[in-house]
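Each of the next two complexes has subunit A plus one more chain, namely subunit B in the first and subunit C in the second.
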Partner chain A sequence: MFRDAVLVAGKDLRIEARSRVATNQVLPFAFLVLILFAFALDADRGQLATVAAGLFWVTVLFSGLLAVQRSFALEAGDDARDALRLSGLDGAGIFLGKAGAVAAQLLVLEVLLAAGVVVLYDVDLRGTAFLALICVLATAGIAAAGTVYGAVAAGLRVRETLLPLLFLPVLAPVLLAAARASEAVLGTTSTTMADAWPWVRLLGVFSTIYVAFGVVAFGPLLEEA
Partner chain B sequence: MSTIGSRALGWSAAVGLALTAWMALVASPADVLQGDAVRLMYVHVPTAWLAMYLSFGVTTLASVLYLWKRTRRQFWDLVAGSSAEIGVVFIGLTLITGSIWGRPTWGVWWTWDARLTSTAVLFVLYLGYLAIRRVPAEPHVRARRSAIVALAAFVDVPIVHMAVDWWRTLHQEASVLDQRRLGDPQITGVMLFTLLLAVLAFTLLYFWLLVHRYRLARVEEEAEAARLEQALAERRAEGADTAPAAGGAAPEPDVEMTTS
Partner chain C sequence: MPPAAMPTAAMPVAVRFRAAVSLLGRFPALAGVDLDVARGEILLLKGPNGAGKTTLLRACAGLVGIVSGEAEVLGCDLTRDRRAVRRRIGLLGHGTFLYDELTVADNLRFAARAAGRPAADGAAAMERLGLAGRLHDLPVAKLSAGQRRRVALAAVVARRPELWLLDEPHASLDAAGRDLLDAIVREAAAAGATVLLASHELDRADHLATRRATVVGGQVQDGLLAVASPPEREPARVP
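Then we have the complex of A and B:
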């Protein structure tokens, strides 16, 4: 299973490295959203800093949506999905591989985006290790749930419009938990590190559940589509 | 398409609802603090119960039974879809009645309280489920896909609940089924009776709606299959007419059944 996962993740990441869609389109999109928020909320710096944690995670969520769409668009052409199905790779392995590739891209994006937030919204990071933990757990959840729904929507004519409707509500608790926990790191509200721990645990629970769900459900999902 | 059973169910639901309306509007007293606004509770609480526990519970159960190979029958898929549709309508009603009640009582139409927020998320989650059901596909493909989406949504429900519960809570605590106060509910007498009657009436209504929505779903499936057969037959006939002239290639049937 893990060997299959590494193979699939390697394939997806290699395609990304060569096509540069993530770096040339998704990343600029994320920065664009940061800038748009600044326009929407006035360039009043104090206000932007207060809501920086929430804006950061909304941006990550939207970028995650694009990353998941892209991850399944890779296999849309040349019947690559059928090839993947026929490859004899384990369903759970394919799931872990695709989710892992999405997570890896999102983590890179989050590092750059965090730098962008620090520069553009004028906030200080007060615990980089803690923020890294939040990012890893939240990203695992986003990638796992996203990959499950990406597989559901892949191949449908309405996938572009259907995926957000399925993907975003499920991730509502991730957005809530990650935003609240990150507030403690940014120190922009009264949230303290002690308040943040339950949220981090919630992120852990969410990610574990959806990774387990994907491992079980991905095989049958891939079979039918 | 009605049987004695479903007709009896329908009539008892109608009688129950009429009795509820009378109890709620005439027989029960106004609340000391909330005034007449409390009467909305006799609709709000049962719709919430019907949508969140009955409907989505049945959808989840039916989805599990569909996914489990030994009980896999199209029946469970159609039940899951029918139940979810009823649930989404009633969760919408719950949000609307809650909003109408909130305006005089809390002074706002909407507030970002834990239960309101989780209910709203639940509403959108199951809208997504209904959307995936609407995507045309082979019946068994659609059934499996929808069942998996239903379960993915269901495992999210407790997490959403926990998350928004920590976030903030303004809504009242459970009045009837609070564990700490079980046997000593916070509402009593006529009001409690009216509420329980309303819950019973709405439960009957749910099962009546479910029976009919299921039958409708069944008929829809049959009509779909019949239309496909008919379209195939027509194309074949066209093919037979034009075959000598057009070289024999009958066009594909113009029915959108599969998407992948």
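Then we have the complex of A and C:
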């Protein structure tokens, strides 16, 4: 399973490195969203800092949506989806590989976006180790749920519009937990670092559920979608 | 080349379908297929458009479900687990099953490793299909239709399958490519692989095949192997 996961992740990341869709389209999109939020709330920079964590995670979620759509667009060309099924690769391995590739791209994006938040929203970055843990957990949840729903939507003609409808509601708990935990760590609201732990635990639970569900369900979904 | 011995039901079988039914929506694309393919055979599937040749090949690959009847490929029961057989087969279909953004070398390396073969098998396939050299590092998207077809065939070769499923394999290939394809298929069969070939180019495919069957209306005519006649015995001598 892990050999297959590494193979699929390597393939997806190599395609991204060659096509540069992530760097030329997803990354600028994410920064554009951050800047538009800044324009919309510029009248009150204090408010901008207060809601920075929520805006950061909304931006990551929208970018994650693009990354997932891109991940399954790779398998749509010239029957490549059949190729993935025919390859004989383990379904769980394919899931972990595709989710891993999406997660790797999102983590890089999050680092760059965090720098953007510091500059644009005037936020002091602290508790970086804690923030890194939140990012890893939330990214695992976003990538796992996105990969499962990407497989569900991939076989449909209305996949571009259906995927957000499936993907965004399921990730509401992840968004909520990641935003609240990040706020507590950054101290942008009245909460303290200790208040972050319950949210991190919730984040861990949801991410584990999404990853476990994907490992079990992705193979059959790929067959039937 | 001497004619191959006629395969019989006594030979080990790579593909065995009995009354196999497969639906595309509600339409029975395979409507009770009876088919045997002996190991090492090259079976040509003839038939008009829409007869079910492609569906039959896809069913052998486990891409299309069998809703009733029996279907066994390389000893794997497809009605129970369609995925078990896939590492052991190679399908050259209407699509190329390639990733456009990846180079020829990357695609073949992925095809080989996905089948559990070393990456070197991808390089060997590239060499065999004449793709080494200037095409090596080109993205597949930049190749002509014929070159893409060659890469798709190389991806099948790289997998070293036990069962080759070839759907209109000569399409888009130039004369040299067609000769090369025929040579590769004969080599594979000589090495023990089984080949199912669906083609409308009957002149060429007929020379390649060791047996022929016709697909009509989702059924296969002449799909079963002949029952081997018992070896002749010397008449018992009466003392």
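Here is the rule we go by: the second predicted complex is superposed on the first by the 224 of 225 C-alpha atoms of A that agree within 3 Å, B and C clash if a C-alpha of one lies under 4 Å from a C-alpha of the other, contacts with A are read in each partner's own complex, and residues count from 1 in each chain.
To be clear about the criterion, a residue touches a chain if its C-beta (ideal position, glycine included) is under 8 Å from a C-beta of that chain, and two chains touch if they have at least 3 such contacts.
This structure is a prediction, so every number in the text was calculated from the model and none was measured.
The partner that reaches more residues of subunit A, of the two candidates subunit B and subunit C, is B.
By the touch criterion defined above, A:L107 reaches neither subunit B nor subunit C. Contacts of A:G219 after superposition on the shared chain: subunit C is touched, whereas subunit B is not.
Using the contact criterion defined above for the overlaid structures, shared-chain residue A:L86 touches subunit C, although it does not reach subunit B. Judged by the touch definition given at the top, the superposed model places A:M1 against neither subunit B nor subunit C.
Of the two partner chains, neither subunit B nor subunit C is touched by A:L13. Once the two complexes are overlaid on the shared chain, A:V58 sits clear of subunit B and of subunit C alike. Once chain A of one complex is fitted onto chain A of the other, the partner contacts of A:Y149 are limited to subunit B, with no touch recorded for subunit C.
In the superposed pair of complexes, A:A73 makes contact with neither subunit B nor subunit C.
Once both structures are placed on chain A, no subunit A residue is touched by subunit B and, in the other complex, by subunit C. Subunit A meets subunit B in the complex at residues 145, 148-149, 152, 155-158, 162, 165-166, 168-170, 172-173, 176-177, 180, 198-199, 202, 205-206, 209-210, 213, 217, 220-221, 224-225. The touching residues of subunit B, counted against subunit A in their complex, run 67, 121, 124-125, 127-128, 131-132, 135, 140-141, 144-145, 148-149, 151-153, 155-156, 159-160, 162-164, 166-167, 259-260.
Residues 4, 7, 11, 14-15, 18-19, 74, 77-80, 82-83, 85-89, 91, 219, 223 of subunit A are the ones that touch subunit C when the two sit in their complex. The part of subunit C that touches subunit A in the complex is made up of residues 61, 63, 82-83, 86-89, 91, 93-102, 106, 110-111, 113-116, 139.
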